[in-house]
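Pasting in a structure now, in structure tokens, and then I'll have a few things to ask.
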Amino acid sequence: MKVLARADLAKMVALHLPTEGFVNLGIGAPTQIADFLPADTGVILHSENGILNVGPKPPSGEEDWDLINAGKMPITLREGGSYFDSSTSFAMMRGGHLDIAILGAFQVSAKGDLANWSTGDSDGAPPGVGGAVDLAVGAKAIWIMMDHITREGKPRIVKKCTFPLTAVGVVSRIFTNLAIIDVTAGGLVVDAMLEGLTLAGLQDLTGAELQAPAKPRVIRTDGTSSL
Amino acid sequence: MKVLARADLAKMVALHLPTEGFVNLGIGAPTQIADFLPADTGVILHSENGILNVGPKPPSGEEDWDLINAGKMPITLREGGSYFDSSTSFAMMRGGHLDIAILGAFQVSAKGDLANWSTGDSDGAPPGVGGAVDLAVGAKAIWIMMDHITREGKPRIVKKCTFPLTAVGVVSRIFTNLAIIDVTAGGLVVDAMLEGLTLAGLQDLTGAELQAPAKPRVIRTDGTSSL
Amino acid sequence: MRNVVVKDAREAVAGLKDGHTVMVGGFGGAGLPRDTIKAVLDTGVRELTVISNNAGSDESDLSLWFAARIVRKIVCSYPRAAQVFAEQYRAGTVELELVPQGTLVERIRAGGAGLGGFLSPVGVGTVFEHGKQKINVGGRDFLLELPLKADFAFVKGKCADAFGNVTYNMTARNHCQVMATAASTVAIEVDRIVEVGELDPESIVTPCIFVDRVFERGLQ
Amino acid sequence: MRNVVVKDAREAVAGLKDGHTVMVGGFGGAGLPRDTIKAVLDTGVRELTVISNNAGSDESDLSLWFAARIVRKIVCSYPRAAQVFAEQYRAGTVELELVPQGTLVERIRAGGAGLGGFLSPVGVGTVFEHGKQKINVGGRDFLLELPLKADFAFVKGKCADAFGNVTYNMTARNHCQVMATAASTVAIEVDRIVEVGELDPESIVTPCIFVDRVFERGLQ
């Protein structure tokens, strides 16, 4: 099956961001979205360890380990950025000041429930939650960026999450390597699908009922999409 | 009746302060205590509008109305001082970080209850509480500086406060223009009395039972006292 | 690029409506957004609920609002020395919710930080208990205090850049910093607009994410 | 005059006892007081309860404490990538209280600010509800989260003066600022001790009232 490459998925999400706003990119795959923001973007990136206006990673050899992102990787500060402590940073999130948080996920339910911090199956390893739960509750909009199905071919979009929940009813939009799906009060609505894919084909790979307009937008394999 | 002048009372309290510590001087009379601290004091004054290490008032003509104390009077900042917002300032108080708050009072009870924000009798004027209640709850020790009796000759140290309470069981030490009294689990204990005053005389002016060692310390009329 | 600079106080208060809740920064005159206060008067709005530490004391502060009778209620810690307010309070034409100052500022912080409330030891055993849920934790009583939010927050800063990063001057920071986190629209009156990048990232007190409008005040 | 400068990390940890609760600042390596961590090891204390965002990941951080088996319990948001801790966790010789990061830092703030707790929307409907009181305010459920305090807080600053005023370096501020408000003894490891008066009063992040000891770290 043809799917969007990870970088093209990141590009697709980037192309859907508004031209201005405060955005938190979750650790892992969503961090890559930053690479596809235009140079003159009005998007200001937040990282929960206490920084606004995160810039690209520094040239090799110029890393400062006091200037890192939530994934603990070296970054830079863009002009107009600021530092603050973690209580202020999480107050920003919990208080609804972030416009969008873009997070990875193990599962998303038809009602927008999110499971992204634990698969519940730890074989004895210690669990870790970090800022996942806080981010999922606070931002004005929660977008998910993930593969449409698991490596084993199981749907990640499900009727009801079987993994431990991160937050209830918070997801508004799902970007996968096959489709863009809006979580609405009336259910999951397909906004766009990868070219060549049919609604029936997408439904087969999805664990909850999908609705779609007569002609969903088309996602090209480079991550761009039709209007 | 001979009583300590207001300035001598302020001096007496100043002489009882430790050589180091963080102290808040309540608005009104306690503010005057600052005038009697030695130049090399290790006492650092806090003002609840967001400043540590309050210095003396500036020379006339050099006032800056962005640099004021809780009484809204112009002050200066001493070396090593800092500015912070009111939520941090009240966190300092509520969190028990201040060593001593020295407050005025209308009434103090034998159990250390404090009434200092309202006489309850407003004849229709709006009440005002400011930071009084917060200060009284938070500091490690609450000292009171007040006249021993009201202008009408009524005791301010009472069995039970009749005015609206500021806080319950918080006062540890009372400095009046006649005596220094400790509030202990066993009751009110006279530590020192103005020279010439007898315990019976002091008791007559006090609305709650006083205890005293065989020989309380003596307060001289200039505010100094015997060891 | 983000640019939240507006021309003047009039633009800063645009959208303010009858019945809105408005936070006004300042402790005494420090941190008081005087140009903004005058501009609110010019809008003709009425029935405001005001959250502020004080209720005005001279002719260029909240006294103007009380004189114009545009305040329905004030949430405040120290409305004494507020002559115009006092007249209306006596006449029963304005409502007062008296809140200890530390509780006031912490309730505003809770509003901005997305909390549902907090447990405070302040006021237990006093009249400030009235109407509040008492919760015992570890054998000690606390009052459940609820968050405060507003439609608009008006505060006074020292410098701002076009992104909306703000610093304050000395004790003028007071209630301004938390108020600038707790309103739908935060408009900050500053002494000076500076270039983006000019403010030290370590010393910005209000990061731009909280700020919707900034403007340079006129000469006072 | 106040002077809280101590000679080295050994003096900074003096008084630490078996069974104490200890906060350790840092997010990853930023803000991590590495000299202090080693000095704790040298004291021979045991049975510590540790409050920290992470549980160590290399050979000069909290991993040292787990390797020496001096930790009884850790209150933590992200102990993954902590190999030595993980071994003991699997063996059941160390207890973990997993707390979402924003709740962790807000609980520490509440401890330092004298609150009895706060109502958080975070974790409602998840396993993080377990054992917590649920309180409904205005039709919305919140979890009652309790304050965290400690016997000692160890954090890493950038500059300190002899009074104990402290600044931090970039994102190294993280959990350090609130931890430095919430312990009986706060000891801060800094890059540099400066003269009293040298720090900008507007830019001091931890005012000296919170700080008991500061020392200049050795060359790393």
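Worth pointing out:
When the chains are written out, they are named A, B, C and D in that same order, and each has its own residue count from 1.
Rule of thumb we're sticking to: contacts are C-beta pairs under 8 Å (C-beta built on N, C-alpha and C of every residue); 3 or more make two chains touch, one makes a residue touch a chain.
Just so it is clear, the structure is predicted and the values come from calculations on it, not from any experiment.
Contacts with chain B and chain D are shared by C.
Looking at which of A-C and A-D shares more C-beta pairs in contact, the answer is the pair A-D. Rounded to a whole number, the gap between the C-alpha centres of chain A and chain C is 35 angstrom. Averaging Cα coordinates per chain places chain A and chain D 30 Å apart. Chain A and chain B have Cα centroids separated by 56 Å. Multi-chain contact residues, meaning those touching two or more other chains, occur in chain D at positions 106, 109, 113-115, 120-121, 168, 170, 201-202. The set of chain A residues that touch two or more partner chains comprises 77, 83-84, 90-91, 93-94, 137-138. By the document's touch criterion, interfaces exist between A-C, A-D, B-C, B-D, C-D.
Within the complex formed with chain D, the residues of chain B that make contact are 20, 22, 40, 42, 44, 46, 52-53, 77, 79-84, 88, 90-98, 137-138.
Listed in rising order, the residues of chain C touching chain A in the complex are 1-2, 109, 111-115, 161-163, 165, 181-182, 196-197, 199, 201-202, 204, 207-210. Looking at the complex, you find that chain A touches chain D at residues 47-51, 64-68, 72, 77, 83-87, 90-91, 93-94, 124-134, 137-138, 164-168. The part of chain D that touches chain A in the complex is made up of residues 27-31, 53, 55, 77-82, 85-86, 89-90, 96, 98-103, 105-106, 108-109, 120-128, 168-178, 205.
Remark: chain D residues 106, 110, 113-121, 135, 137-138, 140, 142, 144, 146, 167-168, 170, 200-203 touch chain C in the complex.
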